[in-house]
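Both complexes below contain subunit A, partnered by subunit B and then by subunit C.
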Partner chain A sequence: MLGDKAFSLIQELDRSQHGTLPPFNEDAVRQALEEIDSLFQQNVADINHLAEDDALVAGIHLRHAALERNKRCLLAYLYNRLERLRTMRWQLGSVLPSDVRTNLCEPELEWFAQYSSTVARYMRSLGDGQGLDLTVDLKPPKNLYIEVRCLQDYGEFELEEGEVVLLSKDSTHFLPMEHCQHLIRQGVLQHVK
Partner chain B sequence: MFVTNIIKEFYDCISGKRVLVLVHSDLDAICSGKILQALFRADHILYTLCPVLTLSDLLTAVKSHKEQISSIILINCGGTLDLVEFLELPPHIKVFLADTHRPLHVCNIYSDDQIRILGQLDDDEEVPAFGDVFRDDETSESEEEDEDGVSRISESRLEKQRERRLWEQKRNKLLFDYSQFSYFAGSTATLMFELAWKLSKDTSDLLWLAIVSLSGEQLCSIREQHKLALCAADLNTHVARLHHTNHTDTTEPAADTITFQKDVQLSLYRHWSLVESMRHSPLTATSLKLWTHKGEKKMFELLAELGLPLTECRQLFCGMDVKLRSELPTLLEGKADKYGLGGLVTPSFSRSHVFHSRCSASDFAHAALALLEPPSTDGLSMSHAFLDASDCLNGSTVFAKGIASARKQLEAVYRQMQTFLDMNQVISAGPFLYATVLQGSPLAAFMSGPHVLGALGRFTLGAHVSASRNKKARSLPLVLTTPDSSQPQDWCLVCGIPPLADTSHRNFFGKAFEQAVSKTQSRAQLEFFDSHVIRLHVEDRSKFFDALISLLS
Partner chain C sequence: MANFYTSYYPNYFSVEDILASQDRVPCKFEVTVKGLGYLDASSGNEDILPGSKIELPCWMARPLCSSKRLPIVSAQLPVNYRERYREILSADACVVDLQKLGPHFYELGLHLLPITSAPDRPRLAALLTQVLRDRLRPIMDDAQHCSADETSQKIAKLDRLEIRLFRGGQESVRDRERWLDRTAHLLSMAPLLAASNARHKRKRQDS
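On to the complex of A and B.
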């Protein structure tokens, strides 16, 4: 049926887990593009014969609608992938994990590099030339300090003021939030609610 | 040195610095630790909190943090040691000590500034005077050196030596008398709550922690009844005050209410069936002798007299008829005296929290104590158990787990007690009774820590006294040994329980164990802060007991 290939792309993206990026389906995209191309060629041929046969109008309309639909699906596919890529920039930082990288196509990689540098440039320009990392505290924190529990023997950890905290297993600490966030992501600390 | 103004001399000293809080692994310490944490959160005081169970835990914790920290708070640990010497403290580190273990070491009491003890001595506690324990020796020593040079033994020097010997004898006697009995002073959680109150940061959550700790003391019966009652009355005034300020302006039903009213003192009865709960509560079990057939019949008779159908009593308490449930305290109170169950219905604290059913403070204490000492088959580390117990007090899902393990633990204690009595394993050694949990028995896994050992010991002693015809039984203490969970082949735990007749709850076993160990050169580890529990090598058990018998008779 017309437009099936393009629609399957949308389905594939929709079924994948939220927040992950499935591999770029180059095959399906190419087939959808070929379909668009052949539909267009047929339409061009039919329009040339339009003066002889009025009945061709309906067919041209149908093909054009299918063509439009394919185009919409392809654009939606690409756009949504970019959206996911953008949230990843804010969540994971400028360096993508390798499993995500392999799933991207060449233009996407290029876009990501450009977007990254734009964001970085903007963040550098903030705060009177001091720079401000916008990716931390996406939601405003309720407290400057949080209570964390240490899940493994990590050893000594230095705070920004130069104080040294010894993180040993099963000890509880009350520390500045910004310093422990990456340790929480690494799974060394656990936030106690 | 004792702190007189707790805000100025303690709280103001630590604010703005990072502190190390070392919390002993017992219920009172956990509650106090949680109250302190709440205060620190409010005032943005950075802290590191580590649980400790044994002396070596304390030493390693302090050693590894010593470099980075200038003040240490010890909760329920270390008061009985000479801290400066034991921890090898550099002079810039200040130690704040809040310990219920008594007697406190005289060096801590007379420390100038480095050791600050929070809380006050009770009226009936006496500490040897400074002059009797410490003496300025430097002058006499330098004199001695001078005289050595002359190499002449003068009369005045002999006189001095004699005087010194006498003084030392007197000092040793004083110190022995002072440290002979180990006992417990008022709960640290109450002290911490009062600190919160003085800082105007008291909330009903913090108050509840103090209450739970108090009822934990009641369960472990480590203090005199009348003192506990006084503390409960004190806390009740706080309850009244907090609820008055909370609910004057709202018309809605209170979201969180703590009440102090007459309640039945049966273990976990709100989470169990009435019959089971009566069987596993020490009070009812010992006075009705529920481990015998006759006792069982007597319990049914009691229930019949109260008008409670057996089918109702055998199902979970929450499934019982609402009318029976609400009448239970009054019904039981009427019949308690007839069955010798005085003290079964006494006022106690309970709390109803928004959409949860009412829970009594002792339920929380039971749950936390059970989580603190999980059966060794679970294989949890001490610090993990500590965190579990501390989470359980927040009333989260861990609480349900705590109740379940408390039930299991109570059942194990009851079955072990029954085994002791049925097999006549409570043996009189003359000056004391002793009983041994056999190695390899499935129940031995549950007897893993000081609290549950104490509970088993008191239950066994109570049951033995009520079953025994010997009138002397009431005045005999009990020594309990059980295979140590970590190395059951080699080590065992030994726990001493003071006699029932002794109402002061002072325990002389700590000192007695220490002396017996040093006399026989047994391989033993006097590692616990509760000095009446020690670890002993299995092979040295018999000679240790021989020494203990000769020491106590």
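On to the complex of A and C.
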């Protein structure tokens, strides 16, 4: 049936777990584009003969419906991928994990770099030029210092006052919340009660 | 009828909506469609002849029936929305396996409204809301009380829309428990990483 290739992209998105990105399926995208192109060419040819043969209208309608459907599936595929990518910027920061990077296509990487720098520029401009990191304190903080346990050997971590903490596996620390939030979100530290 | 045709709910990019509108609808062609005989592979003709019956996806059936001049196809309701199944659903909606009937029972139903005959339309619309209303209470009940191992068994018979409601219910119960434990303020790993870590762990255990 027409439009099946483009639809398979949507199924792929639907099957991938919420928030994760499946590899960019360049092959299916290209095939869907080719289908759109051939539908369009056939329609153009039929429209030119419309004056002689009135019965072509039905076919044109049908192909046009298929063309629009293909377009919708492709755009939805790209858009939903970008949405997920954008969520990642806020959850993981400007550096993507390597397994996510390998699943992206070239324009998506470019988009992410641009989006990242736009967000960073905006955050620098806040608070009378002092800058404000909007990705910290997504939940209202209760204390300035929190107790954390280290889940992996991370190495040395320098706090803003110049103090250096060695984060080795299963060690616990009492750190300023502001500085270790990102590490908690990246799964290096665990917040304990 | 034409104003139904370009409505996308909840938006143009909605994955759920695209999935729902892929389901097939039995259609009968009213006019000859030239050069598209390959859609009906069994006929072997070059053109689609009037009177041939093909199951078309809902997204194709809708614009073709609502074409302004004369309709190109006439669509019928899929079996699941016809009288017999309606009787079953109105007898006791809670025991029906909507995963099997749908799994986009409600959303496809909305897409089918424009191609339903005018006197039947309000009845189908009323049926959809009534079915959801009947099933909602047990679903929310299960979402609040069933344990983690029971979940997969409970959602096996639910429509995709109902599964979303169910998950939402479970999530709010969990949030409430965290709040009662006074652990709601604890920071946690990004959900995305948590999911991928769990996957890696499972892989390592398998190997």
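Operating definition for what follows: the second predicted complex is superposed on the first by the 144 of 193 C-alpha atoms of A that agree within 3 Å, B and C clash if a C-alpha of one lies under 4 Å from a C-alpha of the other, contacts with A are read in each partner's own complex, and residues count from 1 in each chain.
We adopt the following convention: contacts are C-beta pairs under 8 Å (C-beta built on N, C-alpha and C of every residue); 3 or more make two chains touch, one makes a residue touch a chain.
All values reported here derive from a predicted model rather than from experimental measurement.
**Student:** Tell me the contact category for A:1 with respect to subunit B and subunit C: first, second, both or neither.
**Tutor:** A:1: touches subunit C, not subunit B.
**Student:** Go through the superposed model and pick first if A:42 touches only subunit B, second if only subunit C, both, or neither.
**Tutor:** In the superposition, A:42 touches subunit C alone.
**Student:** Classify the contacts of A:187 with the two partner chains as first (subunit B alone), second (subunit C alone), both, or neither.
**Tutor:** second
**Student:** State whether A:95 touches subunit B only (first), subunit C only (second), both chains, or neither.
**Tutor:** neither
**Student:** Touch check for A:80: first (subunit B), second (subunit C), both, or neither?
**Tutor:** second
**Student:** Report the partner of subunit A that touches more of its residues: subunit B or subunit C.
**Tutor:** C
**Student:** On the A-aligned overlay, A:51 touches which partner chain: subunit B = first, subunit C = second, or both, or neither?
**Tutor:** neither
**Student:** Identify the partner contact of A:142: answer first if only subunit B is touched, second if only subunit C is, both if each is, neither if none is.
**Tutor:** second
**Student:** Who does A:13 touch here: subunit B (first), subunit C (second), both, or neither?
**Tutor:** second
**Student:** Once bound in the complex, which stretches of subunit A touch subunit C?
**Tutor:** The contact residues of subunit A facing subunit C are 1-3, 7, 10-11, 13-14, 17-20, 42, 46, 53, 55-59, 61-66, 69, 72-73, 75-76, 79-80, 87-88, 91-92, 97, 99, 139-142, 146, 181, 184-187, 190-193.
**Student:** In the complex of these two chains, what residues of subunit B are touching subunit A?
**Tutor:** 18, 37, 40-41, 44-51, 64-65, 67-68, 381, 383-384, 386-387
**Student:** Enumerate the contact residues on subunit C facing subunit A in the complex.
**Tutor:** Touching subunit A from subunit C are residues 12-15, 18-19, 22, 31-36, 39, 57, 59-60, 63-64, 67, 69, 72, 182-183, 185-197.
**Student:** Which bits of subunit A are touching subunit B when the two form their complex?
**Tutor:** It is residues 143-145, 147, 149, 163-166, 168-176 of subunit A that touch subunit B.
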